[in-house]
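What follows is chain A paired twice: with chain B in the first complex and chain C in the second.
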Partner chain A sequence: MASGSEQGLDTATEDYDSLIATTDVELLKQAWRNEKAAPEILQFQASLIQRSREQIQLMEDTVEEFTENGTDPLTVSLYQMDLDRTQFLLRSYLRIRLQKIEKYMIHISRTNELWNRLSEQEQRFAKRCTDDMEKHLKQSVLSRLPYGYQSILKQSISSEEDDMVPEPQLDTFVFCKSKGSVGAFQLDDSGDEIVDLVGDDLYVLRYKSIKALVERGQIDLV
Partner chain B sequence: MAGQSDPHLSVFSAAEVEFLAEDEMVEIVPNMKMGPLNFICGDFGPFRPQIATEVPLWLAVALKKRGKCTIRPPQWLSVEKLTQVLEAERDSPREFQPLPFHYVEISRLLFDHARDDIPDVYMVRSLIEDIRYVRFSKVESGLETISGRTHAVKLKNLSAMEVNIVRPFVVRTLQAFYKHDSPQMIQHPDTAANRPPQVADRGPRRDLRRR
Partner chain C sequence: MYGKGASQLLKELSSSEPGQLKNFNTDIFEEVIKECITHHLALQSLMRKIQEEGLDIQTTRNADHFGAVIHHLSLMRNKRCLMAYVYHRAEIIQSLRWKVGPVLPEEIQEKLKYSEEEYFRNHSAALMEYISELDLDLTVDMVPPKDPYIQVRVLDDIGFALVGDQSLNLTLHSMHFLKRTDAEQYISQGLMEDLSGS
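For the complex of A and B:
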């Protein structure tokens, strides 16, 4: 059942690889991939984003300086390419998060755990977004509906739960790659499903069951 | 939220997968002199004529386009190595051979921008295409084994582009099976009595490859 036969991968090289591969760009790329592939919003990488912003700022200044002091145009264009790539990563990362916030704003706003994953600016965005959406829906549709159908959260007054709040589907399946050897871990609450993750394995698994491993950085979504 | 469909099934665009591949390291031989480059993504160079150095693929391609270097194709990108891979790929119907995670994108980028640096480029190119084809038909036949009893699919050595292509289909299939097999769908006690008892008991995961 479990794939114990492949334990032979030497973890020493892997550890070394992960040590030298931890530039901020590498980390940003990883955060971007995970954020893109995960159905729910993940913890905002505050210090990483802060550092990346500073580095981008610094590089912008450098490129400007190069242009002014007449550095070889080839060199300048290469620096510009490096800058563009990092900026793309950062922008795309922030954008995916905004998309998720827009999609699940009500759910995020009232789930403490999720709310705390947002940056301050994102929280402000979520708040304004929710307010505007509510106002818009009320003015344009809900106020014209008969009594009992005017809630933004419920289909009708007879709904027992808030059945009009979109939530991310946590039991969807994701492709993931283990970094080092994670070892055997349980797939299900019931405990009858065990998967043995060795280094560099690629699996399609339910997001819910590997959520903790993603958060701890033991596994990458691809 | 039953029946909620997920529009984000294809997570990465092909261009984004290529973007990731462009960070893979490759060896170049510059034909010009240039000081070291201290990028956000790392330090590269200095560049001296005829002295090989390692740079990310995007930088290699940028220099190549301007005629400033030749690219040394990676070792796996040779007729000899790829022939071995193709044979092994054909010999093991359930296993994927280890190739770089971005082999499709790397080879494509090199074919497009550095074809004169790859010996026997036509042969290499057709080998890569054959390998892709063989691997893909393995993926397809593996997909047939997915059922309601599938909890996890193991695809060791599947590459980034291959993952991206099969993702929408695999995810939707697994989700559909999972949904129809979930206890919520079969919870009504009176109808459950008429069902075979093993419905709720989801069996072992399926592997796409045999160990």
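For the complex of A and C:
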């Protein structure tokens, strides 16, 4: 939450405010940006979300308290604006994830690595979504096709792999900013392209090649 | 020509406005399904013919074999097109849940097939379950907030309603200065318009 809103408040709130200004909101913003820019679903930031929600609750209580004891309306509305912004971040973060689940539900539920990135509630949501989608596709198309062509995953019984599942495009380009100096970094397996990632510089690279760095938190998507 | 109907379905998708639905094209859809069944019958009879001639079905490479392959590939292509058609529509239906809310207006509902309506309801229920488990409404706050309060004009005669913690008389064309979060549900239902010019 913005740090400009603590004027004229007692020190206890000031401490509380500076505490949250330096940490979780920035983290939440970054998690939101990463999630927004990445083509695939990323690890759910469980503890960050938990903390953010607790802080939002605290802020809500504070705002309510201020309204009740007649604090300067300007202060209250600054707090309220802060609160709204954080809530937007939180909601938008969760929403983007749900929309990714909606888009790639079958792929996610078949890939263990991706499945484990979801929160418990998201897993339940994904499960229901997949069931509903399967039911819908079966009802309207698959059940009416001849035997051997009724699979939702395969084009026909003779396909060896599951070749009917929409997957995210991992080799799309993303904007990214390195947090610290990563040093020479190999972009593809053949070793032809090597980029020297300098801290705070902006790059446009294929998501696939920097995927590991994003997961380790060494690079931020913007 | 094989596969023509199916490609017509997809052309219809790509020519329509992004995010907008047209009527479900039952005529062509049924035609393609029939075509699939015809392909399958032709495929089976060719396979039988190969077997009756006493040839090994795995290794024979005569005219009948390649005929069967054509039918097989056409059938798969039709399947892909049909699936893409229904799947793409389902994606739009999902996005409607975010844009329009849990109840679809009649003019959209008319365009849906029965199973699509059912899908919308199921999907909506799945989303509601997630939201209630989370205890955080995700359908508000769709745009980044600029100001906690906005000016709105009422577009429908809503009458008295509880907004926030006060009861307001929301008559047609009246203007109010409301908390954005309170007004948002009315705006998304098309009952109010945002006058803040954002």
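Quick note on the criterion: the second predicted complex is superposed on the first by the 200 of 222 C-alpha atoms of A that agree within 3 Å, B and C clash if a C-alpha of one lies under 4 Å from a C-alpha of the other, contacts with A are read in each partner's own complex, and residues count from 1 in each chain.
Simple rule for what comes next: contacts are C-beta pairs under 8 Å (C-beta built on N, C-alpha and C of every residue); 3 or more make two chains touch, one makes a residue touch a chain.
Remember, it's a predicted structure, so these values are computed and weren't measured experimentally.
After superposition on chain A, the partners chain B and chain C are seen to fit next to each other with no clash.
Residue contacts after overlaying the shared chain place A:Met81 against chain B and chain C alike.
Judged by the touch definition given at the top, the superposed model places A:Phe175 against chain B, while chain C stays out of reach. When the two complexes are overlaid on their common chain A, residue A:Phe185 makes contact with neither chain B nor chain C.
After overlaying the two complexes on the shared chain, residue contacts for A:Pro146 are found with chain C alone; chain B is out of touch.
Contacts of A:Trp115 after superposition: neither chain B nor chain C is touched.
Once the two complexes are overlaid on the shared chain, A:Phe66 sits clear of chain B and of chain C alike.
Once the two complexes are laid over each other on the shared chain, residue contacts for A:Val195 go to chain B alone; chain C is not touched.
Once the two complexes are laid over each other on the shared chain, residue contacts for A:Ala37 go to chain B alone; chain C is not touched.
Once you line the two complexes up on chain A, you'll see the smallest CA to CA distance from chain B to chain C is 7 Å. Chain A uses residues 77, 81, 85, 88, 166 to touch chain B in one structure and chain C in the other. Note for the complex: chain A touches chain B at residues 1, 3, 5, 23-26, 29, 33, 36-37, 39, 52, 55-56, 59, 72, 74-75, 77-79, 81-83, 85-86, 88, 163, 166-167, 169, 171-175, 187-188, 193, 195, 200-206, 222.
Chain A makes touch with chain C in their complex at residues 53, 77, 80-81, 84-85, 87-88, 90-92, 94-95, 98-99, 102-103, 121-122, 124-125, 128-129, 132-133, 135-137, 139-142, 144-146, 149, 155-156, 158, 164, 166.
Residue ranges on chain B touching chain A, taken from their complex, read 1, 4, 6, 8, 11-12, 19-20, 22-23, 34-35, 37, 39-42, 58-59, 62-63, 66, 68, 151-158, 160, 163, 167, 170-171, 174-175, 178, 204-205, 211. Taken together, the chain C residues at the contact with chain A in this complex read 33, 36-37, 39-40, 72, 75-76, 79-80, 82-83, 86-87, 90-91, 94, 98, 113, 115-116, 118-119, 122-123, 125-127, 129-130, 133-134, 136-138, 140-141, 144-145, 147-149, 180-181.
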